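Encoded as structure tokens, the structure appears first; notes follow it.
Going by the order they are written in, the chains are A, B, C, D, E, F, G, H, I and J; count residues from 1 in each one.
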Amino acid sequence: MLFAVKMDVALPTDLDPTVRDETLAREKAYSQELQRGGEWVSIWRCVGKYSNLSIFDVRDNERLHEILWGLPLFRFMSIEVTPLATHPSDIRA
Amino acid sequence: MLFAVKMDVALPTDLDPTVRDETLAREKAYSQELQRGGEWVSIWRCVGKYSNLSIFDVRDNERLHEILWGLPLFRFMSIEVTPLATHPSDIRA
Amino acid sequence: MLFAVKMDVALPTDLDPTVRDETLAREKAYSQELQRGGEWVSIWRCVGKYSNLSIFDVRDNERLHEILWGLPLFRFMSIEVTPLATHPSDIRA
Amino acid sequence: MLFAVKMDVALPTDLDPTVRDETLAREKAYSQELQRGGEWVSIWRCVGKYSNLSIFDVRDNERLHEILWGLPLFRFMSIEVTPLATHPSDIRA
Amino acid sequence: MLFAVKMDVALPTDLDPTVRDETLAREKAYSQELQRGGEWVSIWRCVGKYSNLSIFDVRDNERLHEILWGLPLFRFMSIEVTPLATHPSDIRA
Amino acid sequence: MLFAVKMDVALPTDLDPTVRDETLAREKAYSQELQRGGEWVSIWRCVGKYSNLSIFDVRDNERLHEILWGLPLFRFMSIEVTPLATHPSDIRA
Amino acid sequence: MLFAVKMDVALPTDLDPTVRDETLAREKAYSQELQRGGEWVSIWRCVGKYSNLSIFDVRDNERLHEILWGLPLFRFMSIEVTPLATHPSDIRA
Amino acid sequence: MLFAVKMDVALPTDLDPTVRDETLAREKAYSQELQRGGEWVSIWRCVGKYSNLSIFDVRDNERLHEILWGLPLFRFMSIEVTPLATHPSDIRA
Amino acid sequence: MLFAVKMDVALPTDLDPTVRDETLAREKAYSQELQRGGEWVSIWRCVGKYSNLSIFDVRDNERLHEILWGLPLFRFMSIEVTPLATHPSDIRA
Amino acid sequence: MLFAVKMDVALPTDLDPTVRDETLAREKAYSQELQRGGEWVSIWRCVGKYSNLSIFDVRDNERLHEILWGLPLFRFMSIEVTPLATHPSDIRA
């Protein structure tokens, strides 16, 4: 089941650099593990912003929330979730 | 070069049914030809809305505008374009 | 899988009364059939508005879109979908 | 009398962890007591957000405000209240 | 139980003058009957706008919706409802 | 001359408790004195919010600003002012 | 008593040209009479818009509403009213 | 004196095709004459939209308004004007 | 050349009182000097807000930016600038 | 390939003056090097704001993001990117 997820990151400007670097490293590892597992299908940077647009393919709403809530950057993010369905013009449908 | 494009359709409620059906058929053919050509990479329906979220992979801004301007439904749509770049956490990067 | 759905209705002020009445009757029957089937769990009127707040319990995103797209009033509605998950404070969880 | 209530939580990123944990524990107990008492009818997590959507069934506006004002997280929340009424299509009406 | 209600009127510019005058007369009679009955406590014009701010004192949400839905101008209005409670600084409380 | 005034309070979460309590006590006294004097006609709590909706009856704009600027909580508030006039349907007009 | 008033005009694109010209002529005469009378103190065009920003000096809220409601273009306008007071830095104060 | 001007065009979907074509031809001629005269410095299409972003270099506000008000498409446009000044990092400054 | 300028002030609630008082004194002197010089034509307080609406009459955009950038309160302000032109109904035009 | 980029700067009011000055100096040098290289085509100050409007001419989306992400002020900025295409009325097209 597909979802588009837009994540906007706002790190506090006075965040401790060590905490920041460690959090960013954990975020990257977390994302890449889910990408390898096939649930985090795509991730793109939005040009000029500390934001990403991602596509998730998950079992259900519960699983999507579990993934997003577990993001190491979650407390610095605002997140918008858009449920997706098959488009009638999709040639792969 | 990748772009996320959100298209919201608002057909006038008094649109002639023949014009509507003919326009929708042309829209579908137009989209599918671009999907087969590789420029319209993905198209999803946004649940509960007469909207789609699409990913385009095009040569440049000029080509993207040419495609969108040529949509048979263009005059009934409002469109938001988000330029995308590689995300540092993308395992395919 | 649960979703909150907010539906705002805007009937054109010049809509033919026969079309209006027939559409509203079909809308009611459509909603009640889905309520009886267990997928349209709750429907409330938002006070002072031609709007409802509903809870759906459906198989997946595809099914939710199929239901909403099929609403007889769909072309007069704007709809917002919020995917829901279990809250850790829910005593029924 | 029914109300939909959307609560968005924004904990300060520098909140003392002990204060945070103690406040969250009190919030959970407070919510569950009201759920058991029948006034806090439903609570769902909004996917990807530190937010909940809840349904309250209370005596009147005064009681709803008393409940919400007393939330241990109240000073970290923004809250939207929507009064609900019976929908004419509701099969339970 | 008190509610603040903001009503914004948007008459179609091509509304038949006879329909308009008859609707406005019914609206005035409807409002004044509810004022005399004590449920429509106050009504003020918002300066420079085709809008009013009103205070209602009603039994419950159901009654408020019944009143608002029955407004002769309802289909030309957008309405915002704010539930009110006693303020701790109110000298009449 | 009547005005509707909406006041939203946002106390800093790290405000010194003594300062907070002393300011709130002064705010209450200030409001009640103006209520007794007849200029602050009504004050209601907006359910679920740290906000009030008030009606003022003052000599002119200057006096209203003088009152609002003098609120002990003014620096923690955002305020919206709506000038009111007699509504033609008002039975007291 | 001073007010800033922003008026945005939206003439229907299918308005009868005779009606339009006659209404605009009446609007101009109406405005100029109030300017000569000293109540409509200033009127400026907002560059690039069918809008004006005006300053009114009137007896009270009632009079301001009477003036604005009577504008020949009123039903094609949306209007925002800002009550003004003396600024402590004003050298004329 | 420089201004950035964003123009969004919304042609009525039922506009007579002859009127549309004639208006668009006049718009193009009008724009190109001002470009040749040096006042309309740049014009770009915003990708995916019936909009342009333009830079004007004009004598003063009066002249800019005169130009924009005279656009053949003016009554179908909404326009935002941003006054520009020299940036301290500009190497041409 | 005329401009309407709206300035909203947001002093940090923990600003040092000495810095605040000294800054406010400089702001007042700065404003009054420009008022005496004829460039800052009018300044009004917006009722109930820490805001002013001002009219400037300046040589060009560069001069207006120079004035606003130099405001002692600039770093605590958000500012909206509206270029003004002569209105065809202005009796002084 | 052209892009319009709007950058709004919000320096923390308690930023260390040395850090601020050093960052602003690096920002200026960074911008001017890209201007000399031909990628940062234009930069204008938006009157009355700590903002600029810029035009970039870059190879692709990746390059634009690389430039913007590298801005010394990036973490204090919010940035909006608008992809541009040739306008059919452009006399240089």
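Assume contacts are C-beta pairs under 8 Å (C-beta built on N, C-alpha and C of every residue); 3 or more make two chains touch, one makes a residue touch a chain.
Bear in mind that the values here come from a model prediction, so they are computed numbers and not experimental data.
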Based on which chains touch which, give the shortest step count from subunit C to subunit I.
3
Reaching subunit G from subunit A through chains that touch each other, fewest steps:
3
Compute the distance, rounded to whole Å, between the mean C-alpha positions of subunit F and subunit G.
29
When the C-alpha atoms of subunit A and subunit B are each averaged to a single point, how far apart are the two points in Å?
23
The distance between the C-alpha centres of subunit A and subunit I, rounded to whole Å, is 43
Overlap residues in subunit F, where contacts from two or more other chains coincide
2, 45, 47-48, 61, 64-65, 81, 83-86
Listed by label, touching pairs are A-B, A-C, A-D, A-J, B-C, B-H, B-J, C-D, C-E, D-E, D-F, E-F, E-G, F-G, F-I, G-H, G-I, H-I, H-J, I-J
Please output the residues of subunit B touching subunit J within their complex, sorted ascending.
1-3, 60-62, 64-66, 81, 83-86
So in the complex, the part of subunit G that touches subunit E is made up of which residues?
5, 12, 15, 61, 64-65, 68-69, 75-76, 79-81
State the interface residues of subunit H toward subunit J in the complex, per the touch definition above.
2, 4, 27-28, 31-32, 35-36, 42-48, 52-53, 82-91
Residues of subunit C touching subunit E in the complex:
11, 13-14, 45, 47-49
